[in-house]
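Submitted below is the structure of interest, expressed as structure tokens.
Chain nomenclature is as follows: A, B, C, D, E and F, assigned in order of appearance, with residue numbering initiated at 1 for each chain independently.
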């Protein structure tokens, strides 16, 4: 099959022909911002919200794309259209936007699609994912506000190496300097207690687009939600826990630091939220992922 | 003139033919380490020390190059040899090494040379550079130890934008969470007080190779040196101040937060250290830089 | 009169026959959790809530009792029944549960009753208790989450010695590293401002069972309550203040750091809350305590 | 064989007859201090130094033994004499002193001996021990100064549970709030770099008696030593690492957070220090421990 | 024209005859508290609220005026009455209260009026004011609670000098140690996002009387308000921003750290709040200020 | 007797004629710097050092006197000469320099002399002074560097009120945010351990001129000195402790937080340092002070 098409600095071209300069400030120093949007049934989902967040990241970091959000959207849809033939059954795309400071004042803008690697996490829908306190703390606001989605993410790598050394199913749980639970390396963390779905407040976490969808889905399902600081203590004692992220949507979390959460099985509220995603997107995400395992 | 030659993942090739993949983890997430070594009269200087530090960065970050330091050195000398014809009078190279996590477990290794852009800082040898307290704090040890030279450097960009908004000759002065002076965005900071040359201790700064040379040059010149914490208070009241970096070697700093240091002119001890570099390297760095202004 | 009966590792025995091993990890290293429940008219009050908290403490600290909460409850009621004859007029019990890591992997479980020493605090219902900022800070969440009721409480001893040196009626007021008021050494602290009863939020304090009762009693009495961070500034300027604890229930606090709170007398809202406790438990706690002074 | 004899509150008695009261404040709240001294060839080693530290702990915590250090020493030697028959070949004692706040103002004083459990750590002399960053931070000075050897050590238990979940040969590495390496749960940590043996400074660690011996042994062997702050970065890049503790004396550490230190084998300087201990004490500690494995 | 009359330690006297002692503890050590109340159309506004805050400041700092708040109010009105003839068209007073520890135990009490210097800020109603992150952090609660309005304000001077060096229209933006936006040097800061007017919570800021009026005016105008922590990130991305202060009432803020807020023009919600002040006070503050520019 | 003469803004005048404006920024906001120099036998001591520190304070705070240090010295000597007749037997002067931001850009410069109030501290030479941990922390470097001697000292007042509530002989002991001992409200703190005199390092304390003299006197007397961080733990366990200040020179400290230091009596090293001061200044400071008690 032919290659996927990529938007790169004003042109559409086959992926293999795109080469980033060795002088690119994104490559050399992580000076860039990015987004990952997913499709459901091959259609983009919440693309506007993702691009608005991209715009916020660019303004705060002073890394401009040199083109409007409207134009980025247009190019995105073209890339999606160009590549849709690559999707097989049960497939969906992760749409990537990377904007870097580029070379000599000219920004680098890349838009591409990538098939979601469901096999890397599908089994966790059954067993639950695990989280382990990261020895690398959450990016302090006085350093880089974690609300900004930058490409300087070495801390994620360091934390992931640490926890994977312990448990190959584990994600690092980032805590702030006061010990509050913040987020995982790729997703937002949640607990369920006495029927209420709880997220850390927006102060010191990435404002996940999928996190917003969870609030929406919970509201539709009549499940109360709350934003408040909680600690590892509360995770250990939660009834259920899960993370929300663009690709996985709602993933149960069943262990923290080796301790079981609840009965260490995906719980009923997680199930209802997954069902809500299904209704909203028309895709049963869990079944879609498990279908890839079967292959 | 022909293009410079670059070492890229096992091959020597013209720079324009090197293209980094859009899937490179260095580009996407700043997961990489790097070095910048300079030449004097076209010959590499302290290359072994730079490569040892590169090795330390790779081990701590678990970003392996997949080749030995000895081999990296060999390739570096080949790149240097291949490009030496590009050096004009008063020119010298910055030799760059970038190692990233690469794509799908295969690291990216890039070695290239680049003519030092003396015009961007030459005039500061006359006027002195300026420093301004960065609102972005030094990378906390509990986040990423600042001794590691990673490619996740968004904080440098943020701080530089802030201070350049104030003064186009300014560099950001990074302070730790306790208010100790740490370093600038590209170099180590020093003060001179009562004849003693003082550096922040090694705890929370990049261990500059040029910083080591300053200790060596000072020892040769009989100038006492000391490593101890100091604060902005001490910079304001210093007799002289300077920064040390690979390209600029020893650069006088004459203002901090808009306040004059000493009489706001490059001072005698800075002059003696510059002279020491000249003797060690065979190049009068200040004259070399100024020659570029004259052009 | 005969001795009280104690439950100790599976057996009921007279108190004088219970001896803890010198190898007990609770004794040697404070590795244990505990509860103190009180009786009213000789009947346990909120025993289920106390045991649920005990369960939470055990799970978070990985100090298991080796028996179910249901069984602990049963044993507790047996101890209470066995000892009820020891209660004189105006007496009530403090029921103690201590679970330690024990010896060689076998946990130590102790359940005993103890007559409340009303004389040690009865007079404070008249004069009000005093609080003084502790030089020992609240246990940081990144050390041991203060929501866990462990037997490692040296900090309480250190703080108490400090403040008693100043004022024999004083309790240490624990503040967190940001200066927020947290709790006293044995109880939760509250202020009253403009008719609203305010507690520090649950983030960094013991979740007192009696604290929960205060919320309940206040709700019954139509007194609005709020959970929010406050500081010593707010205590000085409060209309009233009090602490809540298992034995004392609701105790007025009339001085902080030597400064009067309000007019330095027990206030009307404290009185209404005490009245609420009386209605809920059938015991006028203040009169019960004062009766012991009269003796 | 008969039981060991214990000193308990003024009396010598068989261990099985000693029973600590359920009202003991050491048991209930960890309000106590302690020491562990070891014997070599059955003779106490540095007993005076251990008792001086015990005295310091008692003064700072206001937990008095109610008897002089001289008397405690005398009783200690009596206990040792009484129990020496229990030592078999390759055996030695850990002598324990526990002083708690006791009951109703009467302190509890316990002195006992215990055969060192060499099998629990002997193999680590061959393989090296491992350390893992503890998610529980070092006790902050503003909480309880870690120089005090108190019996409130729940944080050790919590950290140990965390790291043993990862690696059964691991000890928790306690870091302070600034990310400086402090100590392990039972011992002091050291690194060796360029032939220099480095300990964290005394600010925020237990002042190990064995740590003092290491300084002494190193001086005798002409090995330079230094006290300075270091970080996990420095441990990863050290040539060797080890911990020092009363029972194990000098134990190589070969992994930190899963990363090899040096070539992950016990190194030459560790060997020379172990040899120095041998000369000082007349016991080859490594061989003594290994002899227990052989059994 | 004759001089203004000042109340000074029990007497009314012409300003030029008031001389503070060189031994005054307010002068020597900043041990004092103060208030600034303004008039509208020459009439005091919220004087009671200002004096209640003065009372709180005195109680917390133990700097008593030696006279009741009622008496201070009476003296204030006399000073106002005595000086009203000094007001020209478009003029209004700032009424100052300064209470210091005084000399030898006798407090210093000063009450005076001063014409508001509208020309120093009038133009900012058109262009918007600018704010820049202060390198001097907000007064930590563990140092001096920023809710107290003391005369020890060197930090304001230091921060103002720093930011004025950058931009003569800038005010320092004080952040707490966690990076939360707190306040400016003379006023409270606000942002507007999605139609909601947001203030930092009361924890770590001066409780501005004008801030209370903003809440009131917003409620009257049907504009929703919220108190929650926000960061520089949120200021950059706000739709509008403004500060509230006694003299300026509601002043648009259009730049933060050199970045535009919204379209960098005073926005509609700021306009509605200014209109609300006009209705409440009977004075169009913006027009009043601009009239002074015209002169 | 006639009044003392004061230098005030360019003029010499009797003290009663000096009146500071109510608009002075030093009075209103603590924006000023100061010095206190003492005389011995009526002659100034280390005046140059005090004025150099004044100069440093002025530069760092941007509060210029508008006259040179040489001129300030000249005026100082004139004030001293004018007032020398006021000294009785056993008397000496404290010479005060206060520089404030003044009024409307014109600085306020005040120089005056004041007889030292020996009776307020003389008795402490016999009993020793006491220190108590201040609940107000040392001024953080990120707030106002404590090396600057500003007139914004409300924190000293707050801390003093707190500790005097406990013990009328107590001074507040300021600790930094990490728990290191820094200084008292008016002086530098020292401990003596194993014959070594130890001062906190210069990082976060006022650089006392008398502190420098202590180093000098100790060197002369062959007493070793050291600058290193220590904590309350070390004070409790010190052999001796003392504070150094301009008026009291060397004052024994015999209690910390109610705990005895050593045997709670002024110790031999303190005695030798006092003797050294006597030799250096020609005045037996202790006898001079005690003579005032006798009166």
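Following the convention adopted for this analysis, contacts are C-beta pairs under 8 Å (C-beta built on N, C-alpha and C of every residue); 3 or more make two chains touch, one makes a residue touch a chain.
Note that this is a predicted model, so its numbers are computed, not measured.
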Selected interface, C-E versus B-E, where C-beta contact pairs are more numerous: C-E
Longest centre-to-centre distance from chain A, chain (CA-based): F
Length of the line joining the C-alpha centres of chain A and chain F, rounded to whole Å: 58
Centroid distance [mean C-alpha coordinates] between chain E and chain A, Å: 44
Distance from the mean Cα position of chain F to that of chain E, given in whole angstrom: 35
Junction residues of chain B, two or more chains touched: 62, 140, 142, 161, 177-178, 232
Partner chain E, residues of chain F touching it in the complex: 6, 8, 15, 18-22, 24-32, 34, 61-63, 96, 98, 100-101, 110, 112, 136-137, 139-140, 142-144, 150-158, 161, 177
Residues of chain C defined as touching chain E within the complex: 175, 177-180, 229, 231-233, 236-237, 259
Residue ranges of chain D touching chain F (in the complex, touch as defined): 56, 59-60, 62, 140-142, 145, 147-148, 177-178, 203
Parts of chain F lying in touch with chain C, wherever the complex brings them together: 133, 135, 161-162, 165-166, 177, 232, 257-258
